[in-house]
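Below is one structure, written out as structure tokens, with a few remarks after it.
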Amino acid sequence: MTVVAGCDVGSLTSKTVIMRSGRILGNAIIKSKPNPVESAQTVMQAALAACGINMADILCCIGTGYGRNNIPFVSDVKSEISCHGKGAQWLLPSARTVIDIGGQDCKTIRIDNAGQVVRFAANDKCASGTGRFLEVMSGVLDISVDELGNLSARATAPVTLASNCTVWAQADVIKFVNSGCPLADIGAGINTAMAKRVAILANSVKPESDIIMTGGVAKNKGVVSTLEKLLGHQIKKSRKADPQIAGAIGAALFALETINSR
Amino acid sequence: MRPELMQYNYDWMMAKTLEAAARFPLGTPTETRLALKYMPYYQSIADTFYTAGDPGMQLLNLLSEYYTNILKAHESGKKIAATTFCQSPAIFYAMDVVPVTFEVLTALGGLVWKRGLFDYMDYCCEIGMTETSCSSQRGAMGAYLAGLGEEIDFVVCDTPGVCDTNANAFSFAAAYLDKPFFQLNYPSSLGDARSEQYHLDDYKALVSFLENHTGQKLDYDRLASILTAVEEQDNLIAELEDMFMLEPVPLPPIFNLALYTGRFTFCGHPAFTRLLTSMRDWAWKRAKQGCSGLKSGQENLRVYMCYIDHYTVDMNFWNYLDERGIANVGSILTRNFRDFNTYTREFEGAGYSLDVSSKDAMLNSIAQLNSRLPMVRSIRGPYDQPNMWLEETLAITKLCRARCVIYNGTPGCRNTWGMVKPFAREIENQGYPVHIMYGDAFDDRVESWESTRERLDEFFQVRGLL
Amino acid sequence: MIVAGCDIGSLTAKAILLENDEIISSAVIRTKSRPAASAREVIQTALMRAGSKLEDIACLVGTGYGRNQIPAVDRVESEISCHAKGAHHLMPTVRMVIDIGGQDAKAMRIEEGGAVAQYRYNDKCASGTGRFLEIMAEALEIPLAEMGAIADQATEKLVITSQCVIFAETEVISLVNAGKQTADILNALHRAMAKRVAALARSIGVAQDVVMTGGVAKNKGIYTALGKALNLKIKSLNGNDPQLIGALGAALCAREHADNG
Amino acid sequence: MQAFLNAANQIENHAIKAWKQRGKMIVGYTCSHMPPEILHAAGILPVRLRGIQTEGMEIGDAYFGPFICSFPKCLLQQAGMGQYAFLDGVVIIPGCDAMRRLDECWRKAGNDHENILPGWFDYLDVPHKSEGHGLRWYQRELRNFLTRIEQYFGVTVTDDALHESIDTYNRGRQLLQSLLEFRKLDNTVVSGHDVFAASVAASVLPREEFNRQIEKWLTELAIKKPLAGNTKRLMVVGSISDEIDLFHLIESESQALVVAENLCFGVRQAGGQIATNGDPITALASHYLTTSVCPRMFGKYKERLALLKETIARYQVQGVILQNIRFCDLHGSENGLFERDLEAIGIPCLRIEREYGPLTETGRIKLRIDAFLENID
């Protein structure tokens, strides 16, 4: 039995997936610690515990994410973009476009039927359009990011935000809150602003169906539904696993390939 | 861009909207009032036009005629030129070419359509333009790049002075659509013999470009008659601009829009003469009664907009000025540097004159006219040089007795954003409070109108202006 | 006669009660998502400490982001005017006030009489705000209040350049990943922020005496870094809480207003 | 090579110090449309202005607005920090709006900060057109420019002197060209980082020294073993860059090799020979105005695309990195067109928008480059 692992040390969360013969054996997600080495070890231990095995059982582990070069126990590293492409294709074999909204940036990736990246775009702009944008905003409204996602549905007149800069958008949100504007309209405004920025990025790679969204924001109904409108494509979900771990899954799949090629 | 938007023809929709708007008040007052109920969002905008009386109506007619011309251009065998606001359309009318002035159309889109032309703006970024590119072009231009307007036959723009980002939008459009491109280029200097010669040489190049792509020679009799019309329009504009010096200013804020839109869409065309005449008569009536052009009739403050004066969707900036009783004595866009204008006399070599006595005289006239259009005239060179931005701003501020100066632009205006901080400092040193607006005149997603308004109120209050 | 000033900022809400020029009580609380609630609570706290009731307040002036939502507010004033007024009241020799608030940084030049001669806000995306420090504190997992103290122990000189708060955060994270010391990172953050704010002040011409207002002024790290950047001594508001200056200014407006009936 | 690294890594390099010690004049300039030969012929050291090693932007941001590219801001920042105290003069060229406003911003900063303004502050008005009257204008500009130099620095510049300078610069262009030949090899002996360092050095070193150094280096390269590693051949184009660290970042972990670039600094100075007979100004004018590959020459996209395709073929480029500094719309938007037209003929492209200056975004940029490389086959 070949047991492989993928370890994705992101700026906000770290994930590990352990796979055996193409199936997920177990996984773990933790909030990243200031020190990536620590994050990697903790999340790996958690995943090992979850499947009741130990490090020795892992034949190969591939690392990815911002901290990928600080992970002690990996045999190789891959970029998040390749890993997300690979992982998304495993989650949804019909996927040809992946929209991944991470904590610090946002990527749209077009892949072929093998999960190989054909083309990608990532936002280098100001951080609006990233997961952090939603976190900061929901912080102002003091609700959870998930609640934020549900607001759009209840909105009657969504507000327009200065969506090009997180700090200014935040100032706007506070202003709207202070002017007694309904929470739902503000929330919808935030989700729409977010979706519009993601749409520009997505359209720049000429998205093809099926589209799958990975990363935490995929859980935000408001953003997803607006994004579907803007792209004119339905955004498919995968029930196979939490889309947040797509990067780690991809890394694990690369680990498997490494072994097979040995 | 939202897929469903790809189903609608942009210029057709604009033409029909404006046509309807122009017909609207032809009904009885009651009918109009009742009908307005059914378009709540547009009430304030429509109102701004209708309350401007006949000039407002003339403006609506002019705009709808403009779009109709674009729609009819090809079927009537005319070519369409995509062009910029600092390119006098007179030459196009002389060559029987229909100009599509992206910037003016973007500004209009913001007034006529709820949420403006943001989808087209974003479309430009989706096909490769930078997000930081000039929003004033990206708006309407996006529609044409997406194939939602009449096909563009060639592209004519100005460089530099008009911001690089503006010129760059046109060269992008030309390359993207694979259409012929011409840039009317200017040196950093103005008023000296060498620069004037360059204007003429380059303008001759423009004429032969147009002759090549329209397949017809420039008809100088026709040019003469158009320049004669421009002569008349210049006189009317001069009259109106002198009225900016009256206290109170008899012109309502929307007249600035009329001056700017008219000049850049219909210079030398009868429609603009009609509009100007109507504006002049309307304003004189007000002037004679010594009352202000503002709704309230009460003028509390006079401001000079040292750059542009329109602000994104809904006309909310003009309405804001109106509510606060603030007279806007014009902007860089509304200034016409004809030699006989009062403020033009303030500086050597700043103005142009018209001479239709010979072909060369005509060519030179229109070349010099074009080189005195907004931005390409006064921000072509270092702002503190003779004839440039600082001199122009101070001269007009003094003449019109404005009490403060406001900068309003777009992040795309590299040219002014590169110097506005030291520029503002020097104006402050001359004793005029300056407020720099950080928003985007075409896109309130850069700074929301709410924040913009708050900053303006704060400025007027803290600096003791209101 | 008691008058009150209430300053509802983006991060904190403050209230001050004045009885003929004497500050009889004050309060600072963390803002709630509803400014009206914040206002009610902070004013109540201040009243309680003074042992008086809402009815005793002859005039209440509000300022800050939430100024229009303060219940029973008699009038509102811009933050600029209030900070200037408050600072000038405590120190008539003040000619420049630098206020670093939650959302923005402002520099004001003050005339002898206390009127605002000129003022300027930080540029878009410039990372010189209280919120900036908050996000950095979160990223480094240290309490906001200890930032200054920790930064003092810096040994290595690091550079942080990003103007975007969120990208600066990425920079900080990568510095952490590179094994840099928290103290050194904080020190770099403070210097970066101080430099930007100093540039803001210079843009309208620095004039002494200079004071700092707003919550961030309590951060010793910024306070000293800014002094260095401007290369002058930033005067301390002789013992008064810089965070309360906005509210104080509002209260002073309230008194004037009450006096003029 | 060491001399090049030294010159590329600091503003006031060893040669500049030495030059100053000999009490000779130095003039800085801001754009590749400026013929350094003219200054050279006047016995002045022409130095291309750079913004490397900035540690903040407070001076740059005090004069430039927030929506301005960080390159001119860094130049002003360094000037304000006294890094350009060695300049006796500076020439501002309206390359783009951001760069032309360095004129006002630097002069105004000169009122606020002591002795940061060189004694001679000049403006060379380069037109956006290279045809007929455009070229005539530029020729006149150069003649007037020469006169102003002669007046201010009290020198006379003969045509012979100009011809000599052109000859010296031709030599350098030739040598750079032979350096590029090494890049064409299947398993090349020279890294993009080193070539770029050399071409940056070419714009700040006295030409004679540059020629000596590169001759020496070329002989070393002739016997050098090929670089290790199975690497992908990349080209870098777009906004101005003189940051050799950027090349280091791209080539680190020896997965990629930059075999070509088209950047304002860089090998644009290679090749092209200028006539050393006839009227020197006319010859210089046609070379420096017409051989431009910068989008500031509006309406010449097709020429630039053709050049790009040619280079890609000649150097067997496998992927193109299209980078632009944020707010540099001229390059940024043209990159969008390049991407469309290159991907259409099967050449992978990577667009990056970045800040100029200290490479703080290393993480973000590296992520994109890694992914790009992983997917070039």
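As written, the chain order gives the labels A, B, C and D, with residue 1 at the start of each chain.
In the analysis below, contacts are C-beta pairs under 8 Å (C-beta built on N, C-alpha and C of every residue); 3 or more make two chains touch, one makes a residue touch a chain.
Worth saying up front: this structure is predicted, and the values here are computed from it rather than measured.
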### Task
Mind listing the chains that sit against chain A and also against chain D?
B, C
### Query
If you take the mean of the Cα atoms for each chain, which one ends up farthest from chain A?
B
### Query
Does B-C or A-C have more contacting C-beta pairs?
A-C
### Task
Please work out the Cα centroid separation of chain B and chain C, and write it as a whole number of Å.
42
### Message
How many angstrom lie between the centres of chain A and chain C, each centre taken as the mean Cα position?
### Response
36
#### Entry: Whole-Å gap between the CA centroids of chain C and chain D
45
### Message
Residues of chain B that contact two or more other chains, please.
### Response
127-128, 421, 425, 438, 447
### Summary
Check: chain A positions touching at least 2 other chains come out as 66, 104, 125, 168, 171, 175, 179
### Task
Any chance you could list the residues of chain D touching two or more other chains?
62, 65-66, 326, 353, 361, 363-364
### Interfacial residue positions of chain A with respect to chain C in the complex
11, 34-36, 66-67, 70, 104, 126-127, 130, 132-133, 136, 140-143, 165-168, 170-171, 174-175, 177-180
### Task
Enumerate the contact residues on chain D facing chain C in the complex.
54-59, 61-62, 65-66, 112, 355, 357-358, 360-364
### Message
Can you tell me which positions in chain C touch chain D when the two form their complex?
### Response
123-126, 159-163, 167, 170-171, 174, 191-192, 195-196, 198-199, 202-203, 229
### Touching residues on chain C, where the partner in the complex is chain A
8, 10, 32-36, 65-66, 68-69, 103-104, 124-125, 129, 131-132, 135, 139-141, 164-167, 169-170, 173-174, 176-177, 179
### Task
Using the touch definition up top, name the residues of chain B that touch chain D in the complex.
127-130, 132-134, 157, 159-160, 163-165, 167-172, 174-176, 181-183, 185, 187-189, 194, 197-198, 201-202, 205, 382-384, 411-423, 425, 438
